[in-house]
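Chain lettering (A, B and C) follows the sequence in which the chains are written, and residue indices restart at 1 in each chain.
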Amino acid sequence: MVTNLKGRDFISVMDFGKEELETILEVAKWLKMRNAIGESQDHILKGKVLGMLFASPSTRTRLSFSTGIFQLGGQAQVYSPEELQLSHKESWKDTAEMISRFLSGFAIRLYNLKTQMGTLEYEYGDARKVLRGIAEYASIPVINMLDDKEHPCQIMGDILTMTEKFGGLEGAKKKKIVMSWAYDERAKSAGVPQTMIAAGGILGLNIVLAYPNEPGLYDVDPEYIEFAKNAAAASGGSLTIENDIWKASKDADVIYAKSWARNPDKHESVRDKYKDDWCISHEHFKTAGKGAVYMHCLPARRKFEVTDLLIDDPKISIVNDEAENRLHVQKAIMSLTMGGRL
Amino acid sequence: MVTNLKGRDFISVMDFGKEELETILEVAKWLKMRNAIGESQDHILKGKVLGMLFASPSTRTRLSFSTGIFQLGGQAQVYSPEELQLSHKESWKDTAEMISRFLSGFAIRLYNLKTQMGTLEYEYGDARKVLRGIAEYASIPVINMLDDKEHPCQIMGDILTMTEKFGGLEGAKKKKIVMSWAYDERAKSAGVPQTMIAAGGILGLNIVLAYPNEPGLYDVDPEYIEFAKNAAAASGGSLTIENDIWKASKDADVIYAKSWARNPDKHESVRDKYKDDWCISHEHFKTAGKGAVYMHCLPARRKFEVTDLLIDDPKISIVNDEAENRLHVQKAIMSLTMGGRL
Amino acid sequence: MVTNLKGRDFISVMDFGKEELETILEVAKWLKMRNAIGESQDHILKGKVLGMLFASPSTRTRLSFSTGIFQLGGQAQVYSPEELQLSHKESWKDTAEMISRFLSGFAIRLYNLKTQMGTLEYEYGDARKVLRGIAEYASIPVINMLDDKEHPCQIMGDILTMTEKFGGLEGAKKKKIVMSWAYDERAKSAGVPQTMIAAGGILGLNIVLAYPNEPGLYDVDPEYIEFAKNAAAASGGSLTIENDIWKASKDADVIYAKSWARNPDKHESVRDKYKDDWCISHEHFKTAGKGAVYMHCLPARRKFEVTDLLIDDPKISIVNDEAENRLHVQKAIMSLTMGGRL
């Protein structure tokens, strides 16, 4: 078990090795059990402070991090960019210096500088640059609560959930995991699919990426495809791309569907073309594997990404267990990076 | 003493029996004493988390709940609807599922969906429906911090204050309690008078509801009148309606005055008619009982609901003691519903 | 060592004697050391609650107070005026009564009522009046986190930093401290220079106040000049005014530069006149004393108040150490005023 995560940033799963990600999953499982039997954990990060900067609304992330740091004995501080001097144009560098003096860890949600920070020009990757910039100047761990490239805490919670449902990581490796998405008229982070293929690649999962064949509209960052393929080759996992959701669903053990589009402006022209097929329903589960589950990072756009009947079907939908695991996996990440001994 | 409040929601006083409300008052008194002598209480809700959603500004409620959960060993999380994914139209049901995974209790202030949640159509009772909906789907206690029907934490604090001033609950039952309100040009929750007559009815208080006789403008929800009358009949209390504030004030032991109008649009036409009589002053206390007190839930609209001289008169006005009791009674409610053993 | 600070407000350094300010510096140093070796301090303000009202954005102040009260065992509550009933025109007096019932201490940042509280008419000193008004009616300590006259927590942290760099307070007294500022097109608090000359006067520092000679534009409140001169006469310190930044910089041990203008409307007419000389750079340090340091309360307006090269030069700039000391000195102020035994 590789445990040298003390002081590390948690910005991209690609920064971590297989054994390191496995350690996070193990610690999360242990913290979850310990919580379940009412054993106190407030000595683990006693006296530590987590600052959280939200540049966009959040329910699960905010609640789970706030509760998590408290259960570990620390304090949660929540800010918006408007409340900090960032609103007075204080530089990220100066902000990074400051947080290192007052906090034990800094978590940030920032995925669209244009709408969230009033930046006029914005290109894919700019939010990541801000996170890397803060991390460079900050001496404390920086945790990515969703940027424009990844959503690493979400995916680690998702994989923890798969290990629970499928008999550990070894069981999960034997499953067909379909990560699907389709049209959305809103600009959104591509974080979920990109992190899933990267982390899945590292850990040896078999992932089918399913999306409509519309070049420039739905395809993910080629950097992630390449990383995932190489990682899967090394770990014994696999990455397949499939443009037909019905073929993808066949024998699937997980269907994880989330709307997204690289270029929402093109959405209108293709909307009707994919409307019927890509809204996941019980129909998709007819040909899926025995015991197949529906996953979603939430909030789901009901009737659009998924039918009400499916997402509310407790025999198939595990979205709430999945959400809860955010808490446990994030506690593991905080404990390992903000606490820990060398 | 009926103590089976563990896991219960605290949405309406009408959901509780006489002995249950009495238990809340007893526990509040005990917690207040214990605090006064500096005895630590942070084991009572150690490790528990209270989420608080404020859809409108709040001073007393926010501070008292935040301090209360901290004194009991728990964490306070405060949110606005804009900060949560509610602003992205996440459903109340999905939000309810989520809070149950991350929190130990959820308190909500929501009394006008139209102005607070951007709902176009709003009818009296809709805010209550939201609270009941969350409570239905949440597995943790939901606490009403003011909806469009009731303000139960306020009134429990008010009654605790009366028990302190009048020799316990038995003493308070012998008093004439005038609950008055009159015109306001702003739409406001009818929570205070409605909860007072309901709780007073359950506990056996003698309440005079005083307001101008303008059908459709000032009269409270008939459901509450009916409940209060029936409850008073069972408990030995009484409910009387009086449209002349001077008659109401005569021999009163408490005058509790708060502006409110069911239909603020009609306000203009009656404004001058009630202006002089219904702003409570020392004049009203001339014929009141010996030791009569002035109460108000605050913030008061000075010169409108009450004269400066009266509300600042420490011999008559007990508004600050009343406000402080929010803390103690809410700690009792949290301890009984979020803590507790069966 | 004079230690009778229990229950005192910390609004103006002028309310404190030399030995009292020295006690704050001593306690801050001790708390900082104790923190450095990982000794727990959470018994010092165990169970206490600090309310913080921010009428303007803040990074350092918010983080340092939030972390500070937590490290001492207390709870941090952060509010904006909009979140409290202040937004519904609740009076400061009523607010002061309330905070005394629910909090152990109240910290407030308010320096421009016109922009921050929507007041139409605003005169210099009005924000201070609000603070004094709250303090008059509140029974708990009120702490000034920046008003329109002073920034006392900032300056106490600054002086703590000087004692660290120059061999204690006795060493700092032998140094030439240049407090400079020049034009700004934004209305800002004069708190930093005014508090520096007042506190410096009390503690016996030798301060040169440097600003362009433009009567009515840059000169500070004569009340502070007079106080500082008298205090310096008693303590053995000195206050000199110098209108040439180059003369001021000669043999300086500290150059502390911050833009400010009493009357921003006049800024345009003088902008170009002072642009080159008053932006502090390595040039100013050529004739400064050996080991001279650059200080700033942050956030700095880079390229305007100071060059990037200078503020980022770790051999000269001590702005981050200075910022960190906010934490330690504020913990001392809270411990002494909110905790303490008589």
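Just so it is clear, a residue touches a chain if its C-beta (ideal position, glycine included) is under 8 Å from a C-beta of that chain, and two chains touch if they have at least 3 such contacts.
Keep in mind that what you see is a predicted model, and the values were worked out from it rather than measured.
*Asks:* Enter the angle, 0 to 180° in steps of 5, of the rotation superposing CA atoms of subunit A on those of subunit B.
*Replies:* 120
*Asks:* Does the subunit B and subunit C pair touch with the same residues on each side or with different residues, judged by whether over half of the numbers are shared?
*Replies:* Looking at both copies, the contact residues mostly diverge.
*Asks:* So the centre of each chain is just the mean of its C-alpha atoms; given that, what is the distance between subunit B and subunit C in Å?
*Replies:* Between these chains, centre-to-centre, one finds 42 Å.
*Asks:* Among all residues of subunit B, which ones touch two or more of the remaining chains?
*Replies:* Within subunit B, no residue contacts more than one other chain.
*Asks:* Within the complex, which stretch of subunit C touches subunit B?
*Replies:* 46-47, 49, 51, 75, 77, 79, 82-91, 94-95, 97-99, 101-103
*Asks:* Going by the contact rule at the top, pick out the subunit A residues touching subunit B in the complex.
*Replies:* It is residues 40, 42, 54, 57-60, 62-64, 66-67, 70-71, 76, 80, 298-300, 302, 320, 323-324, 327 of subunit A that touch subunit B.
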